[in-house]
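Please go over the structures that come below.
Two complexes are shown next, each including chain A; its partner changes from chain B in the first to chain C in the second.
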Partner chain A sequence: MSLNALRIIWRVTRLNFRAQLEYRSEFLMMIAIGAIWQVSVIVFATVLLSRFTGMGGWDSSDVLLIPATRMLAHALFVLFLGRMHGVGRHIQEGRIDTYLVRPMPVHRQVQLEFFPTNAIGDMTVAVGLMVGALSRSQLDWTAGRITYLIACLIGGMLLEAAMFTVVASASLRFPAADYWSRWLEELLGTFGSYPLNVLPRAVGGFLTFGLPLAFVAYFPAAVLTGHGDSTGVPYWLAAASPLLGALAYLGARLLWRWSLGHYTGVNG
Partner chain B sequence: MSGSIEVRGLSRTFHTTVRRPGFLGGVRSLVNPERVAKEAVCDISFDVAPGELLALLGPNGAGKSTTIKMLTGILTPTAGEARVAGVVPYEERERNARNIGAVFGQRTQLWWDLPVRESFSILRDIYEVPKAEHAARLKEFDELLALSSFWDTRVRHLSLGQRVRSDMAAALLHDPPVVFLDEPTIGMDVVVKEQVREFLRHQVEERGRTVLLTTHDMTEVERLAERVVLINHGRLVLDGTLDEIRRKFGSTWQVRATLADPHTPVEPLPGITLLRREGPQVVFGPDGPTAPTVHQALKQVIERYEVTDIALDEAELEDVMRAAYVQSEVRVEDRAGGA
Partner chain C sequence: MAVLSAWRVARVTPLGELHTPPRMTAALLRLTVQIVLVASLWRGLYHATGTTAGLDRDQAVTYAVLAVLASRVRELDQYSGRDTVLQHMHFGTIVYWYLRPLPPQRYYALRALGEQVYGFAWALAGYAVCLAAGVVRPPGSAAVAGVFALSLLLGQLVMYYVMLVIDQLCFWTLRNGAAIMILIFAQNLLSGVYAPLWFFPDWFITLSAFLPFQATLSVPLSLYVGRIPLSDAGFQLAVQAGWVVVLALFTRLLWRRAARRVISQGG
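Right, the complex of A and B next:
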């Protein structure tokens, strides 16, 4: 990415942000929605988790690291790459056509469409939760652990972006595929915050190899808290979560590029 | 950089699945979908010279938008090739994008939440236009399109006419040698339409841009285009000047003459038939495929008869086009029947 490209990204983001600020009530409402959404997920998860005894052998302060990681990764996703999620609408409205006649990658133009105000709410809650999780954690937060946590957050963001990019690529061919993105969002929101070993094996297996949700927060948290050997997958696989996130994202972007080349357009 | 457009054997087939009627049909379609191939554009070739304005015409569903989408790099053709300002658009999309401006009447390329002028300045950054050049061009466009009365408004609050004018300016801010416009004046009032035509004429005549335009508005074609390419069912029907089209399909002229002597016997002339006679008033029309043009007919009538008054009704371009569409329909059917 060239310097000019970065400048354009920064400029468009700033302008978009200012535009959102001008609708003050809408702006505050969007932040509130982001925050309330996250808080409700946390409350739900807490209530549910407190019903399980032992939480799959995890200490309660360790368990907190799972929703904190998942939510912070998700907030980063919404902030930086989240527009991929509404791309089906862009496709149906034919906006992709106008992106294709501009000398800029279509993916980037999709991201720059508007400023994701709700990410501010997501981010606030997620950071709060992460601070809480870290302060209650009895782990020794060495530089190595912190670096690994940051890598996992980025990996988690990329993994979520990869999943939505795959759905978006499908909607380039079949606009109805966009419904899957809503399903995906629900599923990630619902299951992202639990130690998957409290779930039935089949569900855990699906969330590992079907939808790679386990790699967003559960495996990273397990590796960090010393439960890396009892996740049901080899230790090295769980530990490689951030790398897998990056690879999945790369693959998804290639798929997206291929799909754009085979784009058939909407009529009109 | 020369802004020519070269199109050779360009084709695009769409594959769609058809749903069989009824519930059982629906289930059968699910299990064993019936795929149909639709040739939206089929073996089309034409050229547009630098600085030329060409109107791409044809009835609804003829393949005009599909052709433009291939030339702008949105769609990849299934066969044939195209070059726009020397670049193959669907192979080098971003490079082509720098050479072209595109306006799609039905959709905007501006940022929905931003004031128009901010969209313009983002585009300036994207296309790396020097600041002074950008300001000068904006001034020029404002003079022609009266943009400044609404350019501080957010795009989402603009009227259709204001939005399309903004889109038009946005498409040309980076000084592209080639411009594509797909129904740019759709839904505009007469004043704005004229403003837009004036703008386009200026862009072609003063700035030497190459323009490919589609429209269903024949007044627009008459005012702007010298040359048209007519397509129907994805096939090229005709590539020629407006005069040629009139000559070929506009066989609906009438010459109305008032004879000096109302008792003169009137006979048909070669290729000219007598349509009506009311006392001294006679009306001639074209006859058969060898009919002369309206101007030749006028000359023949004057040479042959002594007239006190003469008037001619040339077919409206709209009627000419209707005739062209209908005749091309017949020809396409012939071809399909023969194949």
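Right, the complex of A and C next:
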């Protein structure tokens, strides 16, 4: 990406931010929505942790690292790549057709569609939870562990982006496929915040290989807290979660490019 | 004639759904997977625990599965139909609601009725399958079933009015996207969709007692699984009815005020 492209991205983002300020009550509520969404996940996780102690053989301070990782990865996704969620509406309204004739990659235009105000709330709560989780953790936070955690956060962000990009690619062919993105978000929120070994093996397998939700936070947290051998998958696979996230995102972007090449608007 | 026009309005959204089989297939698959996942989760959590927060394993699983089914009742893609208040406010077409021979409040109510009846058919079919498969327990007695049905009806009315308030907000704020999302989260959290309210700390239960959300789902489901005994049902039903009356009066006032804000062709 050239320096000029970065300058344009920065300018458009600033304009988008100012545009969000046009509706002040909506702007404030969007920040609140990000915070509320994250808090609801925290409350749910806390309730389960307090009622069902020793969940899946994990100590509660270790379990807390799962929602913290997932939520921070999710907040990063919302901030940087989140516009893939709901791209079906751009397709339904024919905006993609306009993007195709502009001198900027379509994916970038989609990402620059609007400023994600809710990411401010998302990020605030997620950082707060991560700080809380790290302060309660009994682990020795060496430079290696911290580096791995950062890699996992980026990997989690990319993996979540990959899943939504796949749905967005499907939406280019079947606009109603956008319906799945709402479900995907719901599944990530509900089942991404605790050890998946409490679930039956088949269900855990579905959330690992069918929908790779386990790689976002569960496997990284398991590796960090020493539960990497009891996840039901080989240790190396669990440890490679950040790498898998990056590969999945790369694959999803290739799929997006291919789908865009085969896109036909309403006029054929 | 009035009944015929009401029927035509009420069936708009269900007809839209019936004409898009892929969306229905997706809804069916989503509902099935969600039920399997939720039932597995609560069974897994109770694996090493007996009764907690006054709920045993079967009660918790029944509650959670019924919550998934109930959340299906008003989960339609209204945006695709281009008939949400938000879209009408954005494009200025809200004015047509006021030019038709049907008052906007009645049009809105009939559309919502059609959607809720359609969603209820889904929930009922899902309930029958879950009951036959032994995923959920049947109600304790005929009296429990009756009280549950009444409570569910009142809960759906509360839900309708809460959604209406959020839509009416558009007349003042032009946009309600964030408010709708906040409502969905508040509704899921405070009505017990994420987890039964009984698992939450006391302060949380007290807080939700002052809000209308628990009247939508938590009360009917708690009555069904027996967490709220029949002896307390009268009070709970009265609270639900109270919310219906308060919200009905409030939304009536808002409709009146909203009408004054609609401007046609610039004046």
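Methods note: the second predicted complex is superposed on the first by the 263 of 268 C-alpha atoms of A that agree within 3 Å, B and C clash if a C-alpha of one lies under 4 Å from a C-alpha of the other, contacts with A are read in each partner's own complex, and residues count from 1 in each chain.
Here, a residue touches a chain if its C-beta (ideal position, glycine included) is under 8 Å from a C-beta of that chain, and two chains touch if they have at least 3 such contacts.
Predicted model only: the values in this text are computed from it and were never measured.
Considered on the superposed chain A, chain B and chain C are sterically compatible, since they fit side by side.
When the shared chain is aligned, chain C comes close enough to touch A:E26, but chain B does not. One geometric descriptor of the composite model is the angle centred on chain A: between the Cα centres of chain B and chain C it reads 80 degrees, in steps of 10. In the superposition on chain A, contact of A:F80 is made with neither chain B nor chain C. Touch criterion met: A:L100 reaches chain B, while chain C stays clear of it. In the superposed model, A:H262 lies in contact with chain B only, and not with chain C.
The gap separating chain B from chain C in the superposed three-chain model is 8 Å, by closest C-alpha atoms. Counting contacts as defined above, no chain A residue meets chain B in one complex and chain C in the other.
By the touch criterion given at the top, residues 14, 65-66, 69, 72-76, 93-95, 97-98, 100, 102, 104, 106-109, 111-114, 118, 122, 125-128, 154 of chain B touch chain A in their complex. The touching residues of chain A, counted against chain C in their complex, run 23, 25-26, 29-30, 32-33, 36-37, 40, 43-44, 47-48, 51-52, 54-55, 89, 92, 118, 174, 176, 179-180, 183, 187, 190-191, 198-200, 203.
Across the complex, chain A meets chain B through its residues 4, 7-8, 11-12, 15-16, 19-20, 93-95, 97-98, 100-105, 113-114, 261-265, 267-268.
Interface residues of chain C facing chain A in the complex, by the touch rule stated above, are 20, 22-23, 26, 30, 36-37, 40-41, 43-49, 52-53, 77, 79-80, 173-175, 177-179, 181-182, 185-186, 188-189, 194-195, 199-200, 204.
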